[in-house]
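Same chain, two partners: chain A is paired with chain B first, then with chain C.
So, the complex of A and B:
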């Protein structure tokens, strides 16, 4: 029984950052932007979260700083890709490199450390006990007591499904990707919708970053996003942006991520267990192509 | 070509100006910082040779990315291919005992094969299952990293070392220093010349470039697009593998933990600023190498953290790429105006 609880909680913990970043990515996906900057936004978010939490002595302000940092990244993306018409892919690559460079530089410049910064002064995001469910014997242990961001991520998923498919903004968002010229000629500039989609994406990635550095662990390490932005991009592509599909895929990756932690004590070398999430990405890509071929 | 050079120079200067602003805001002296940077990378004998040696993996991975991007395949797997190439050269260097004249070429071959194996895997997955190479190569990077770490932690671990690394490879496979420059530079220059010949003088290079610009046009024109795809993946993987092999043979002579980590995205970055040109890749590779080399001296002299260079590099990429697009628009506008005047007159 304990194994089950352990695995479920490891799965949820691993799934959360990927889910949040992928939900952000789905907004830009529907808006027709080839956005690969989630990795960088997440990394900057993770750094700014530690920065805010450490200097302002509050995890909440840390989260706000994370979002602000990711928004600055989105601002650069807007400036180059939307305003100056630079290639989106190249802008994304440059932004990701910029994020790695900037965070390592600032880590050194502000905290005077190399590699990783951890300190008792960093306030972590607290866990939340759900008021009613916590009392129920089995369900309580299964559903309650996770980090606050986990519940935020769930809320964001439900909200995004509603916004994308049930609101006017969602219609325009999908219009911007489906036929930008048509949308613009009906009086709604597609570029404005794209800018908004990037803003939403940055907020989500900022939250994901804050979760990495203040929830998952309580430190900032160089390049700590470790490909999660890329995995979330894969998740978006695999389900063509559907938020519910993203939730399922993220849980799946969370499961494999949890398995990594879980197998650490076993006889399999850690180097191989650490490969699992990346191999799982390849396998899911494979399954996707098989399914697509069958449909064709 | 002239336009490219102009926008490149303007972009680099603008990026340096932005960097100077950042430095000034942090309370550092930009002039002294840039002075130290140049002093330790270009204007001292040992600095210059170190810059040239450091440029070897940068230019080779840059060429790999450039040729791939120019020909269509989005091969983002240079870091993984470099690691596998280095592993190939290490294996041969450890277990094959031959005189230098045979062992060096054999090690080079092994590094080429190691890289090509890793990119070939991605090409195979693309051809057989239509899996996008851009995600596959990225994921293979992580897998190669952990695989190499396993190899040097368990089967090939040097028991006398405290951190994961292999024993040194056979001295017959070491690339000697020519004066103060390592011979690996010669191999790099040779590879660059071959790349240039293939891409701008050869028929296959022409086919690849056409496919990169418009694969439908290339297919209708009679190019074997699919076969070319596999070939480009293999060649670019081999180039990145060569970078790894030369790093082992010219540098630490053993596979050390974290090898290539510093060069992870540099090749892609260089290809992006050079807009996939061969000569541009060569020049930007030297520039980025000079920056990275000078960073160490800069930190010593001015207390500016060497990581500042990482920021500066990314700023160069953004500004040069965006500047190219904007400048092209300006050039086009000027050309249109001139034509309009001519037709009016």
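So, the complex of A and C:
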């Protein structure tokens, strides 16, 4: 029983940052931007979260700093890819590389450490005990007691499905991706919609980053996003942006991520267990393309 | 019928840098509640004039008056909010959205939290569909409906925004002949409800059928405006081209020579193993033009592809001048066959390549003149001379030979392709819809070229959807129906009605009447 609970909790914990970043990515996906900068936005978010939390002594201000950091990254993306029409892919690569360099440099410059910064002064995001549900014996243990961001991620997912498919913004957002010229000729500049999609993406990635450094652990390590932004991109493309599909893929990834932690105690070398999530991503890509070919 | 002047364009001048004068001192006025056709050859300035009016192009001089007041539309959005909408040639819709979603996009009715009031939107759209009798399903996906229906959606999108003036840029170019009368009926209804319609076209029959008044443009200038009722096709063509245009056959009697091209019992399947060609047999003699008629999709395209080696046949033989080319590679076929495909931009030429590169395609391997370094290099001096040759012989109006092919107008693109193909000096010429999308002057030119080939004893196979064209130039017309060549008719001994009858599958009926 404990193994099950442990695995479920590890799954949710592993899925949360992927889910948040992927939901962000799905907005830009629908807006027709090939955005690969989730990785960089998340990393900058994680750093700024620690920065804010440590100096301002508040996890909440830490989260705000994370979002602000990610928004600055989005601003750079907007300036280059939307305003100056540079290549989106190259802009994304540049931002991701910039994020690694910047955070590493600032880590050494501000905190004077190499590798990782951990300090008791960093305020972590608290866990939330759900009222009512927490009292139920089995369900309480399964659903309650996670980090606040986990519930935020859940909320964001539901909200994004609503916004994308039910609202005026959603109709225009998808319009920008399907046919930008059509949207613009209908009186809504596609570039405005794209800028908004990037802003939403940055907020989500900022939250994901804050979760990494203030929820998942309580430290900042160099390159601590560790490819999660890329995996979230995979999730977005795999399900063509559908938020519910993204939730499932993220949970799947979280499960394998949790499995990694679980198998660390076993006799399998850690180098192999650490591969699991990435191998699982490749396998799912393969299965997906096979299925798609059969449909065609 | 004293109508009010609604739109008055005065002394409009537009120069495309460096020195192309697209519009020179153009003054024209449109009255409210009329269908006003703007005609002219490709490049005459019709579309440019309307784009200047609509705020899509800046003008260099002139004034625009709308409802008596001087106006200035900087963007189409401003024009639309003033009540003027334009439907462009290329349809701009989102195939993934339904009809009503496409129509309301950008002006959506919303409820709380920015949610779309789907009920209200659908209702508003349905109401307009009914009002104008457009026969559309508001819930259909735009990707699933026909091009004609998409065009209606474009018009409805503007009507939803309450425009009173509609500008349509060659709306019939994308429609099939069966769909055109319906569009015209709808446009006439719109006029009767008080809308003003400006209709850009170069198809003279349509202009005369639909419009109240016609303005003819040529070379960026207005030739004149007159009431459509007193005009004939010949009058319009003369004004457009600036000289007499012949709409009747100039084919001189001529005895055909030896058989040059022979296709025997060709069979060909598509990827789903459906028969696209069934025992198709065609012969063409020297000095003869054989036309291939048929409703589109009855094997004409496959016939052309089989002859060129672009589609594999399951059985049948092909020969040119007694040489068997059934299994020959494409290059060998090209030494015997000049080929003008129906799709200029995709198969006929590479639009991104330069005029020179497009002009020497095929020639660069067949003609040793263009080779240097044992075929490793190209002789650009000879190539440039060759382009000049095409330019002079085929009267192409073009810039430098290094300009991209897409910078040419449609008619000039076709002339370059024709020049390239005909200078191959092959005994057999295969043309697939060579005049599609060309203006009156260019069509006449292509027809003259075909007749010249005929008098020079070439064998020509002409696939065309235009029966008038076939009756004007072809000696014989073969009709294809469901992959079969159902009949072979001498042009002088048949009629459009008879050809149409066979096109629609009248073969069995004909057999029954004359047969046992």
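The criterion applied here is as follows: the second predicted complex is superposed on the first by the 296 of 296 C-alpha atoms of A that agree within 3 Å, B and C clash if a C-alpha of one lies under 4 Å from a C-alpha of the other, contacts with A are read in each partner's own complex, and residues count from 1 in each chain.
What we mean here is this: contacts are C-beta pairs under 8 Å (C-beta built on N, C-alpha and C of every residue); 3 or more make two chains touch, one makes a residue touch a chain.
Keep in mind that what you see is a predicted model, and the values were worked out from it rather than measured.
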| item | value |
| --- | --- |
| Partner chain in contact with A:166 - chain B first, chain C second, else both or neither | second |
| Touching partner for A:275 - first (chain B), second (chain C), both, neither | first |
| First (chain B), second (chain C), both or neither touched by A:105 | first |
| First (chain B), second (chain C), both or neither touched by A:215 | neither |
| Which of chain B and chain C A:285 touches, first, second, both or neither | first |
| Partner touching more residues of chain A, whether chain B or chain C | B |
| Contacts of A:174 with chain B and chain C, given as first, second, both or neither | second |
| Touched partner set for A:188, first chain B, second chain C, both or neither | second |
| Doubly contacted residues of chain A, that is, touched by chain B and again by chain C | none |
| For the chain A and chain B complex, residues of the former touching the latter | 76, 80, 84-87, 89-91, 93-98, 100-102, 104-105, 107-109, 226-227, 230, 233-234, 237, 269, 271-272, 274-275, 278-279, 281-282, 285-286, 289-290, 292-293 |
| Contact footprint of chain A on chain C as seen in their complex | 76-77, 80, 92-97, 101-102, 105-108, 110, 113-116, 157 |
| Residue numbers on chain A that touch chain C, as the complex places them | 166-169, 171-172, 174-175, 178-179, 181-183, 185-188 |
| Chain B - residues contacting chain A, complex | 26, 74, 125, 129-132, 135-136, 138-140, 142-143, 146-147, 149-150, 153-154, 265, 268-269, 272, 305, 307-315, 317-318, 321-322, 325-326 |
